[in-house]
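Two complexes follow with subunit A in common, the first pairing it with subunit B and the second with subunit C.
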Partner chain A sequence: MAIPAPSAAEVGVAPARRWSPLPVFFGRRRAPVLVIAIAVALAAFMAVPLFYVFYRGLTGSSEVWDRLIDDRLPDLFVSTLKLAICVSLVTVVVGVGLAWLIVRTDLPGRGVFVWLAAMPLSVPPYVGALVYIAILGPNGYVEEWLSALTGTRERDLPMPEYYSLGGTTLALSLFTYPYVYLMASAALRSFNPTLEEASAASGRRMLSTFWSVVLPLLRPAIGAGVLLVALYVLSDFGTVSLMRYDTFSRAIYDQFTSRFDRSAASILSTVLVLITIVVLWGQSFSEGRARYYQTIGGWRPPRPVKLGRWRYPALAAVVTVLSLALFIPIGLLVYWTVEGLTDSSVASDVWSYSDDSIYTYAWNSLWTAAAAATLAVLVALPLAFLAVRFDSPFSRWLARLSQAGYALPGVVVGLSLIFLLNNYVEWLYGSAFVVVLAYLLRFYPQAHQSTTAALTQVSPNMEEAARSLGRRPERAFLEVTVPFIRPGLMAGWALVFLTSLKELPATLLLRPAGFDTLPVRIWINSSEGIFTLAAPLALLLVLCSAVPLYFLLRQSRVGPTVIT
Partner chain B sequence: MKKFLALAPFLLFAVAACGDDDDGDPGPSGSETPLATGTAQSEAFDPDAELTIYSGRREPLFQPIVELFEEETSIDVSVKYGSTTELGAALIEEQGNPQADLFVGTDAASAEELRDLGVFAPFDSPALEAIDARYRADDGSWVGVSGRARVIMYNTELVEEEELPVPESVLDLVDGEYEGEVAIPSTLNSSFTAWVSALRQFLGDDEAESYLEGLQDNDVLVLRDHTEVRQAVGRGEVAFGLVNHYYYQLEKEEGSPVGVIYPDQGDDQMGVLVNVAAASIVNEAGNREAAEMFMEFLLSEEAQEIFAATNFEYPLIEGVETRADVPLGEFKEFDVDLAELGRMNEETLDLLDRLGL
Partner chain C sequence: MTALLVGDPTIEAMEERSAATEAASPVIALRGVSKRYGDLLAVNSVDFDVAGGEILALLGPSGCGKTTTLRLIAGFEEPDAGEIWLQDEAVAGGGSWRPPERREIGVVFQDFALFPHLSVAGNTRFGLQNLPRRQRSQRVAEVLEMVGLGGLEDRYPHQLSGGQQQRVALARALAPQPALLLLDEPFSNLDAEMRVDVRLEVRQILKDLGTTVVFVTHDQEEAFVFADRVAVMNAGRLEQVGTPEELYNEPATRFVADFVGHGNFIPGIVLDGAVETELGRHIVPNSASPGQTINVLVRPHDLAISRRADGPLTVVERRFLGSEVEYVLALPSGARLISHQPPETGLMVGERVGFEVREENLRAF
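== the complex of A and B ==
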């Protein structure tokens, strides 16, 4: 995922003020009309679901509004925010801690940890939640073991309740902290160490330097990472449902599916989207206020901090986090898979359940994710081209509009597409392409951000040279610039692919009959309480996610701004 | 745009790395065609040949029947599994653009509510006469295909260890001694909602509400669905669970120490609510012919045998025996019009929402 980077769009040279408002709004250099037309159409298309949600919500019956305001909204508001805040705090501590230890200290094995610490992103949080239910839940492995050890019955053990705010925070944090980690480590890598050295020279101890120098400089990166975490928490459906924790996303799904009245779901969706927009706005606001400058001159790779006697405790901390977020979940999935395969009564079901086999689900997942990723990159090109090369308030507005998906959690995208398509585009509904469309709408911002970021780094000189030789602007762009930004495009592709692959709620709502993806099957099998059947699917999903993630991490070494 | 073919190698790489059974062109252009969707649209061009079913019944219980039907008729069936209410909601939105031909839900009350919204088409067939009129809609727009009783299941070991008296009525569960010992499914579950409607009918609204509040004060454990409830009881997380009778049977078959109570059998007591899993033909179904065939197949002895054998349910036609411990007819049933429960659904959900259950 990418953040709304203060790219050229924000920092670009402001058009000269004239008395006429038009050039100010459209920029002084006129973009080709065809590009404008395409970009306007695409941006409008991407923003339709957002406006439709508002329309449905605001025209919802006032009776239902009243009922929800009385019975549900206050509680949901509190519980959703509590979760978002708790997960944000935990991910900041874990993510920044890991990033600092791995990037800036002489921690043993950090060459490997640099990769491993990001890999939990390939484990969908709902899979992680399932694993931890089996471990920490009632009558789970821990209780079983303690009970055997102490001779107490499982139910008499004084275990903390796992189905709680704490348990949900744990499940979500373990698999989302990489957002913060990736942001923080990219920032740490580009750090100029002179400030830290100055701090050390003036007598500050290591910890105090960290607090008063490193952390403030990391603030923008942490903010960006936390934004992604918070957006994830707001949109999460699978984990909170498994953990029986009430948030807006879950309540929307429940309202839509438990009573045959859709106005409650629409209203809750509107409120959730508003909350998401406030979070996005809050982040850009806080980003806009504080400014820390580093001098580029005199930059050199920082000398690693010597951990001394803290070396091994630090190593233990890193290994613990990785065990919880990676080794234990994957180990248990492997264990269940093997158990399922060696149990003859289950083994055949593992490979093929009903008419469809595990390969069908994998193929469905892969091609929909790939199609969405490809479309996202294609859509991103004209919009990014316009935003970067013809910067103006107008192109900035278009870019923002096209990224409406940021504010649309999966449940909401699913609902709005169901409403929209059935009312206005009937023929499209009921095919797997609707699932692709949902991925595209939801995850497009990632492609947009990577493309814009890559484009900003390419000087327009060569494009201009091509134009002076007679190429039209859009051809010059395609033939000269696009080859340069291919890594950025591929990063965007991989991001959209990765997140689409893991998508659950919209797929659940929109899949046509007989079309199940890996996440959907994991969901169905886990609701049967059969872990041995869900595990091989989950394992396959993790492996498939690891491939684009690995690619992204490799990319990020070249251009750290592109990732996440 | 040719430049985008440069992305293809990576795509190929991703697909290959995940061990796909390359039965299609994995290039981006090929993968976008709807034809790649697998079972649904690829083989048959004749729309009449395929039957689309939305099933609120769980896959392991329903798939054997689907497969038998496919075998006997060579009609392709594709099924979307989900919860009864989830699929019901989809059916409502898809009115005028119906995707499903047939709907199989887990309770009659929600089927009646959907009928009221005009989602279903009436259905008439000689096969219907085999089903007691209590268990189907007058116009055949929903037809019960198997029966289930609302019972209390309990963990026999736990009841003994904790010296808990076995309750004779569901109303006993609000007593202090059962504090923290009862599990129920969430209101996402339509059979639970129907049961609450039945309670409202028997007790009156006020008393039903204070009963539910009593359950809440008694720390009732609200779980996602019946499977979670039966597992919680089976492994001794709680002593009692409110379920459909076959969940008790399934848990018992897995070897858990569980027993069952068919509660409220006294003369002035409520009796046991018997609900039905109902099948309906969707209004303007694209393949009504096949839907009717499937409907009649569900009422055939073969299909009824499967419901009875795999899932311990009550077959609704003569001549097929149940495998349940307590057969239909050997306990007092709650005397109710199932359609009436459907009409109470909305208010029941409001009540449950208000209570936060």
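== the complex of A and C ==
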């Protein structure tokens, strides 16, 4: 063959765009058709429960709607919102305070506190709630101790009511503040110290600098953390049930399991999902700015603030928070466990090897969580690949669709799957795989975000370099991209595993008869008030959760990623 | 080659050209290559050839399409129109398509794109999977020795300096003995001091190997030092291809004249056979019709000045550049001109000067 001569006529003629429908959707380059097909199918699958909830809710009978609007919705709305606001406020104060003290000051022991302050995430809030029922509740340790001290009868003591907004706020805040703490401390760590120096050079004192420079710049990160807390409060079922505090999640569960009112349950779910979507919209708004903020990156470690005579009061405050959120709950769980071991009937109940023993529950918890985490990472690969490498409105829309689970509290996922499976795939209902499916749907966004973040850090040049050195696209992806994003994939896996392990409401609704996980058993035992039976299970659950949490924290210290 | 050209009206010109380059047909040839991103025509009907062993620079401001052109050659992008020929075979356009992994083109990226999970040897070996296992290590050692990295085989990219990373990237691209090497702003990630040395070193290596190279830069000096020929691009179009001397002395367009070297542009009116400017009436080749206004290019070295009390120009600024002095001069109209003179000229700011223009070097656009 011979190379044609340059043709003068061609010069300066703008060629027409070749027709093809895909580049329009996928921006600059055409994505492989197979990847598109897989991604579309997966995204659609992930979004089905969300749309089904709306479908059920909006086609619900108008009588039920009217009854709920007159009767339940206003109260639920107010009580849910009150709880979300209270918990958010407390977690901001505790989370930001700890973050600032630990990251930016010369607080003694901050090298250890950096880890410990995040560890309450491994204690599921319902476990915390049960611990504090035993301590602060009626006939609890505090009442017992006070009555022994003062000689008054327990019921005559002027104790504040523990089953209340205040008590529920305490139980939820102590075990969700790490969301704010982690976000705020990551932001503080990447905070450009020059800004503080500039403020000092303008004559501002430390406190004034904190209020007028540091806090405003931290606001996006704090906002992101608070919205995670708020999302958790909206989806929480275990804590509010144990605390007998009415929120949407608890009401939905009640309507469905005690009153068998599917219609009302669907309608309440629809309203709850709508509230969640509003909150999420707020999150995506603040997240966009948080990302911008983190790019400022400090190139020089900031000089720690000298606390001076505030050193020990600050230390006392940090130790108090950690005692309430970590040492006391774990200590009490250990105490009950040991106590149970000495009681032979309890010990045989818990430790004997049978279908109703701790081993079976632990195994059920571990394998379902691991299966969900593995599936989530596998699903995330094509979707994240498409979103990062072929960024376009369509691929972004697809990514958003696949993360529908974010808007679905556990109770709603459970309910939606029950309806869907009963109506369309009955043979699947009642298998443990449904539990795995629920975890996948609900927690997939965490895997998606970790994978996307990791892929964004791989320069496309890296894949192109591999191709110019003779690798086909799929080989380039496997040999170069996957090793590079492995830490990100592992982080996504660990996150989904951690949250699945602690999941309660969807598991309660969907588990096959006799299929108990650790959270399910803890919840059943503690709603019956048998703490010695619940304690060893809770302790094991906390230990199992601490491992992936520790891994995640180590990772987040290396890179700028924050676990959410 | 001539057989295909029968019927072409420019056949005579083509035969002359093909006689000149008969010995070697080009390693890479672009024919009317265009690439569009949405409404933006990033590359617009580009034609050029690169002969074996030649180093061609694609020079232009950012966004001119030079990197896209490089990516089209590598196969990372598909052209919307036109053809790309690699060693007498069409690899893109006209219904043919060869993916990057089958083009045997080496690429050195601007950010080097070294694989962080592989050692220096691992990176260098990456492209040698078609070589028998035993020869791979030998080839790796050979290439690393050549780029001066012998002894660093087991280091990882993050343990290397910028200059060393650059050489690993070069070694990795050269190891499979590619037919063509592409360099995308290869020196922009290096310190200014280091850049000059590395540039010469790399050029020496490539010339010793006789590698055919296309490289992208926005730095005119770099293009002139490194390349045998330079292709100047602007807004997706190829403005001119030529040796550095050709571009400097015979710029084809105003853009090239402006982008390549310093230049003063003086407006002038075309008269019969000459151009009337503020610097006098000069004979300048041009294609404008009488009465039209055109711009005359005066290079700083072509404007000689000397102290003269009644001279028409005033020295406004004086910058000492080491081997010469740059004077900024004001014309009576207020327009500014730049002139480069030997240091002993010794003029001071505020002095009036006379001038002399080297007419044979003037160009008009």
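Just so it is clear, the second predicted complex is superposed on the first by the 509 of 564 C-alpha atoms of A that agree within 3 Å, B and C clash if a C-alpha of one lies under 4 Å from a C-alpha of the other, contacts with A are read in each partner's own complex, and residues count from 1 in each chain.
One rule holds for everything that comes next: contacts are C-beta pairs under 8 Å (C-beta built on N, C-alpha and C of every residue); 3 or more make two chains touch, one makes a residue touch a chain.
As the structure is a computational prediction, the values presented were derived from the model and not from experiment.
**Q** On the A-aligned overlay, A:Phe45 touches which partner chain: subunit B = first, subunit C = second, or both, or neither?
**A** neither
**Q** Could you tell me if A:Phe515 is touching subunit B, subunit C, both of them or neither one (first, second, both, neither)?
**A** After superposing on A, A:Phe515 lies in contact with subunit B but is clear of subunit C.
**Q** Pick one for A:Ser431: touches subunit B only (first), subunit C only (second), both, or neither.
**A** After superposing on A, A:Ser431 lies in contact with subunit B but is clear of subunit C.
**Q** Now for A:Phe77: first (subunit B), second (subunit C), both, or neither, which partner does it touch?
**A** After superposition on chain A, A:Phe77 lies in contact with neither partner.
**Q** Using the superposition on chain A described above, determine whether A:Pro483 touches subunit B (first), subunit C (second), both, or neither.
**A** In the superposition, A:Pro483 contacts both subunit B and subunit C.
**Q** After superposing on the shared chain, does subunit C or subunit B touch more subunit A residues?
**A** B
**Q** What is the contact status of A:Asp261 with respect to subunit B (first) and subunit C (second): first, second, both, or neither?
**A** A:Asp261 contacts subunit B only, not subunit C.
**Q** Applying the document's definition of touch, where does A:Arg244 land relative to subunit B and subunit C: first, second, both, or neither?
**A** A:Arg244 sits against subunit B, while subunit C stays out of touch.
**Q** Contacts for A:Met462 in the overlay, against subunit B (first) and subunit C (second): which applies, first, second, both or neither?
**A** A:Met462 sits against subunit C, while subunit B stays out of touch.
**Q** Which holds for A:Asn364: it touches subunit B only (first), subunit C only (second), both, or neither?
**A** first
**Q** Which residues form the common part of the subunit A surface touched by subunit B and by subunit C?
**A** 483.
**Q** So in the complex, which bits of subunit A are touching subunit B?
**A** 67, 71-72, 75, 138-139, 153-155, 241, 244, 254, 256-262, 353-356, 359-360, 362-364, 366-367, 370-371, 374-375, 377-378, 418-419, 422, 426, 429-433, 436, 478-479, 482-483, 486, 489-490, 493-494, 497, 508-509, 511-515, 524, 527-529, 540, 543-544, 547-548, 551
**Q** For subunit A, which residues count as touching subunit C in their complex?
**A** Answer in residue numbers: 1-8, 10-15, 17-18, 28-29, 459, 461-462, 464-473, 476, 480, 483-484.
**Q** Could you please specify the touching residues of subunit B with respect to subunit A in the complex?
**A** Within the complex, subunit B contacts subunit A at residues 1, 3-4, 6-7, 10-11, 13-15, 17-21, 23-24, 26, 28, 31-32, 34, 36-41, 52-54, 58-60, 63, 66-67, 78-83, 85-86, 88-90, 92-97, 99-100, 110, 113-114, 117, 158, 161, 186-188, 193, 222-225, 227-228, 231-232, 235-237, 345-346, 349-350, 353-354, 356.
**Q** So in the complex, which bits of subunit C are touching subunit A?
**A** Listed in rising order, the residues are 1, 3-5, 8, 10, 14, 25-26, 29, 31-32, 34, 36-37, 41, 44-45, 47, 49, 74-77, 80-83, 85, 88-90, 99-107, 109-111, 113, 115-117, 126-127, 129-130, 172-173, 176, 237.
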